[in-house]
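Quick notes on the structure that follows.
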Amino acid sequence: MLLTGSLLAVAVALIPLVYLGVRAAEAGGERIRAELLTGATAELAATSLALAALVTAGCLLLGVGAAFLVTRTDLPLRRTFGVVAALPLAMPTYVAAFGWVSVVDGFHGFWPAALVLTFCSFPYVYLPVAAALRSVDPAVEEVSQSLGRGGRRTFTGVTLRQIRPAVVAGGLLVTLYVLSDFGAVALLRVNTFTRSVFTSFDLGFDRVGALVQATALVVVTLVILGAELAVRRHDTRYAKVGGGTRRPARIVRLGPWRAPALLAIVAVAAGSFAVPGAALVRWTAEGVSRPGSPAEIAGAAANSMGVSALGAALTMLLALPIGLLTARAPGPLSAVLDRLTYLTHALPGLVVGLSLVFFGINVAYPLYQTRWLLALAYATLFLPLAVGAVASAAALSPPSLEEAARSLGRGPWAVLRTVTLPLTLPGIGAGAALVFLTCMKELPATLLLRPTGMDTLATELWTHTSVAAYAAASPYAALLVILSAGPVLVLARRALTPGGTP
Amino acid sequence: MNALVVRAAHKAFGPVKALDGAELTVPAGSLTAVLGPSGCGKTTLLRCVAGFEHLDAGEITLGDRAVSGSGRHVPAHRRGVAVVPQDGALFPHLDVAGNVGYGLDAAQRRSGRVDQVLELVGLAGYGRRMPHQLSGGQQQRVAVARALAPRPRLVLLDEPFSALDAGLRAGLRADVRAALHADGATAVLVTHDQGEALSMADQVVVMHQGRVRRQGTPLEVYRTPGDPWVARFVGDAVLLPGTAGGDRVPTPLGELALDRACHDTITVLVRPEQIRVTPPDAAPDAVAATVRGQLFHGHDVVLDLRLDDGTPVTARVLDRGQQLVPGQRVGLTVDGPVHAMPGPEPVAG
Amino acid sequence: MRTDRRPSTAVTIGTDTRRKAAPRAVVASLAAAVLLAAGLAGCSGEEPKDITVYSGRTQSLVQPLIDEFTKKTGITVAVRYGTTAQTAAQLQEEGDKSPADVFLSQDAGALGAVAKAGLLAQVPAELLAKVPAPYQHAGGQWVGVTGRLRVFAYNADQVKPEELPKSVLDVTGPQWKGRLGVAPTNASFQTFVTALRVQHGDAKAKQFLDGIKANEPQIRDNNIVIVGEINDGKLPAGLVNHYYLFEKAAELGVSPDQLKVKLHYFGDGDTGGLLNVSGLGLLKKASGNAKAKQFMEYLLGVDGQTYFATKTFEYPLIAGVPTAPGLPSLADLKIPAINLNDLDTLAASVEMIKNSGLTS
């Protein structure tokens, strides 16, 4: 059952790879060699990987740092900052980048792009790490200190070790996200693989060249996933032996570091929010273009939320079997199935969108240009976000609970309804919230796959910015961020509650 | 009438044979302890009985109903076998009454059964508490009550006390035993703790390497374990080689009376508490030995002794204030008949 | 061996679960939203439209005209907006099963690519007859709708009138080092390179691109950014299409001559003053579709052409429709007459741009 479901989900996730395979075969070996075996490819690969590495490092630093500050220190207004630190998830990179560009002169290139991407994606690390820090047993840290290790060495030697799975998982999402991002790199003019794929479509309307480049991106992703799997295999789970209630973790007194820590958090929040926010205000003030009627804006918002909800639901449905399999039957098979869902996560939305056009035309024509196919594209793109949430939620309902329930005479469905679902639903809900807000921000696949005539906030934003009607665009941008902030609040609250996992 | 019969049960996980022909009979209304070291297959046996695992071969019968074997596998929820897991596994989202009433239908719940079993386990009035508001011992009591509530044919307890403090354990064991008996339940307790098995159970089953090595009352299993491995597993043992001639056998501890007549090379089991320690030459048939060390337990003392021929011997004596120091010479005699087990003692076991 | 969790873990979960009313509400609302979305998809009150247009041109510029068309003819139009390149890729991917009847493209190159894939039908002869030959497909598979002039845009404060280049070839000169914005991935730039090759030969075109590359060009993704930066004083000059200036003025609510950014037109047949076109293609399955033809006719009629001339400040391509006030007439400019619609030529231009290193 679980395995069949998992295989189905992986099949959906691999649609873009099948498509790329078909197109690469059409292109032929010679074309592929001509396209890929060039200095430009090496340069693109180097830039993409360097950017991904830098942003990942930055996100690990900011994410772990923020998580530590809000869970383990006497920082003032910890809960508020705990939520604030998650909010950048609601900010699409293209809005953030656009904001920075219009506020700071000459803001473009590698380092600025790294900065914007770090600001926008560090919550991918922050949320799981904050949850992990909340649930780490302080007893182990105390043992370490009793063995003569100071606070700092205990943190690096014991605490970090225990939250490492959360750190690695968040880091992986960031790395793959950066590889797939188009919004920020395009606006800030960094030549990554993804930008090059988009450009190739423009250059002579050559789809084959673009797709061949995308296959190179798949290879890069494979290497990253392999490396991550190798790292993760050395992680052992921390097993707690014996009873006893868990005490809350000790709070580190920041002392003289309080002001700098506060300043750092405020600076990150400003970088993620204040700058793009200021740009939106400026656009509105400067421009005379106006958005559509309130009804049109509301319609676009409803469409955004509708397709995002559908996408999130479908994604969770597909993620459920893989997540449960990973939690219940950990092993090489489930690890490989799980990782396969990550393969498309690094692909540009445009390529995934085209692959779903291919799938819709050739396999599922009745679904073509309906919300369902768009939802399927979202599932293909964002499955890894959901699988992680399901797996950690499933861990909250250990098999012994279900067995106890069955031994009391309840059938499988009754057990699912009365035990498993009530316990895992909050985690699944958090996963859905994450997928939902990611769908809200998605643009390229949405443009290709939306039902004809359906506008979402993201497409309206694109429509207006493409004719420099920034004032008309800004309400859509603001609404997009505000509506995405709702799910972020849910995620943050959950991460900051003991025992919760995002 | 037997509540549970397991015949020739086989179950392998890859190359590991967890059950290798296990046999078990549990009379109705009894408490049977399945005792064995980690990895002996006792938990697998329990999971097969509960229906969580499928048997590879063999047969499990509950009452008059075959539930596993010859291609049949009645699913766990149709067996009427309630489990008390090691960690209690209380449903964290339900209160105590909700947990206890989980296996009951609405009518049964209204019938007062929940309060009844809660009272049995000593938690009357705790129905509205949430699991996290209970101590570890209370959680296990709720788990037992929850298992008893639907009046299952069989209650399986999987090391339910192992996570608790020693002080809490003794009281809880007695209470759980009393509750099971009061409700007339048939129960199987899986444990690796000899004291727990011997003190709680009506019947003890010793498992080793996927097989049952000995089944009997606690007294039978302790006194007449039948083979040296079981002898050592259920308690401290002095094992001596000997060649029997009828109902007596010459050993380094002198000529001892056997619990049965035999004429072979045998291994003799002397329990440390059977050995009486006297001053040297106090008794005519005493064997001389030297004290090498002692372990003080409060109510008794375990002496590490060596016979003059070099044979190591352990003796357990009540502490009466006598002072024995290493190097001191003593005389040893053996009380009562000793248990004869076939064959020489295996080198390793 | 199984490793089970201890009660204490369950305790933590217990606390947690009861506080989870909020996420559960979220799940419930998500479920409700799905149902709502599915319901909307199922019984969407929209009846099927008469024709489907794939538009590579922006909604805000095109939709008013289409609404006008529907009002006049009663023919309803479903319009699918996207970028021209991505829409072309989508059409190629869809092949014969495409829902599209008409492709409205921002650029001739995209139409050429779709035509080459064998997806376009012959444009009716009476429509082709309205548009000058250089602005339609040699085989009659697409037809131009509006003209877009290549210009030299500059900031009036940073560039003196006497500095303005006479020919586009002059921008490789040292006075433009680091001062010139270009968008080499833009279709209009690609067509411009094709024109260079046609007029001056491949060697000269290559020399020009190398010269640009060596001159520290300010590479941007598109013309909007270049015009915006010039107006803001961040960039002195750039090679763009003419109408972006008018878009900028419209957004700021000022008249074009109030902007800092000004346009300089290359005359005398200089390649820099090339006219690009946006155009229409008729998908094969719609070749006999009278309503699709009517739609194309409308865009190429006086109403359609006037709309583009006055609202988007593009050059009308049919005779008798005046150019927007403030724009020089094509006749005065003596724009180079080059047939730009050969896709193979485009591929060679793209190759040349790629090799010049301007795109990386």
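Lettered A, B and C in written order, each chain numbered from 1.
The working rule: contacts are C-beta pairs under 8 Å (C-beta built on N, C-alpha and C of every residue); 3 or more make two chains touch, one makes a residue touch a chain.
Which protein is which chain? UniProt says A = ABC transporter permease; B = ABC-type quaternary amine transporter; C = Iron ABC transporter substrate-binding protein.
Owing to the predicted nature of the structure, the values given are computational and were not obtained by experimental measurement.
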Practice prompt. Select the chain at the greatest separation from subunit A, using centres from the mean of Cα atoms.
Written response: B
Worksheet, complete the sentence: Closest to the centroid of all CA atoms, by its own CA mean, is chain A
Worksheet item: In angstrom, rounded to a whole number, how far apart do the mean CA points of subunit A and subunit B lie?
Response: 53
Worksheet item: If you average the Cα atoms of subunit B and of subunit C to get two centres, how far apart are those centres in Å?
Response: 82
Worksheet item: Taking each chain's centre as the mean of its CA atoms, how far is subunit A from subunit C in angstrom?
Response: 31
Response to the item:
subunit B residues touching 2+ other chains are 85-87, 89, 92-93, 136, 163
Practice prompt. Identify all positions of subunit C at which a residue touches two or more other chains, and write them in rising order.
Written response: 2, 4-9, 11-13, 15-17
Fill in: Residues of subunit A engaged with two or more neighbouring chains
242-244, 398, 400, 422-423
Worksheet entry | Contact set on subunit A toward subunit B in their complex | 242-244, 398, 400-401, 403-412, 414-415, 418-419, 422-423
Worksheet item: Can you list the residues on subunit B that touch subunit A in the complex?
Response: 50-52, 75-87, 89, 91-93, 102-103, 136, 143, 146-147, 149-150, 152, 156, 163-165
Worksheet item: Of all residues in subunit C, which touch subunit A in the complex?
Response: 2-9, 11-13, 15-17, 19-20, 22-24, 26-27, 30-31, 33-34, 36-38, 40-41, 46, 49, 52, 58-61, 78-83, 85-86, 88-90, 92-95, 97, 99, 109-110, 112-113, 185-187, 190, 219-221, 224, 227-228, 234, 244, 247-248, 250-253, 346-347, 349-350, 353-354, 359-360
Item to complete: Under the touch definition given earlier, write down the residues of subunit A that touch subunit C in their complex.
Response: 40, 43-44, 105-106, 135, 186-187, 189, 191, 196, 199, 201-207, 210, 239-246, 286-289, 305-307, 309-310, 312-313, 350, 354, 357-358, 361, 365, 368-372, 396, 398, 400, 422-423, 425-426, 428-430, 432-433, 436, 444, 447-448, 451-453, 459, 463-464, 466-472, 487, 490, 493-494, 497-500
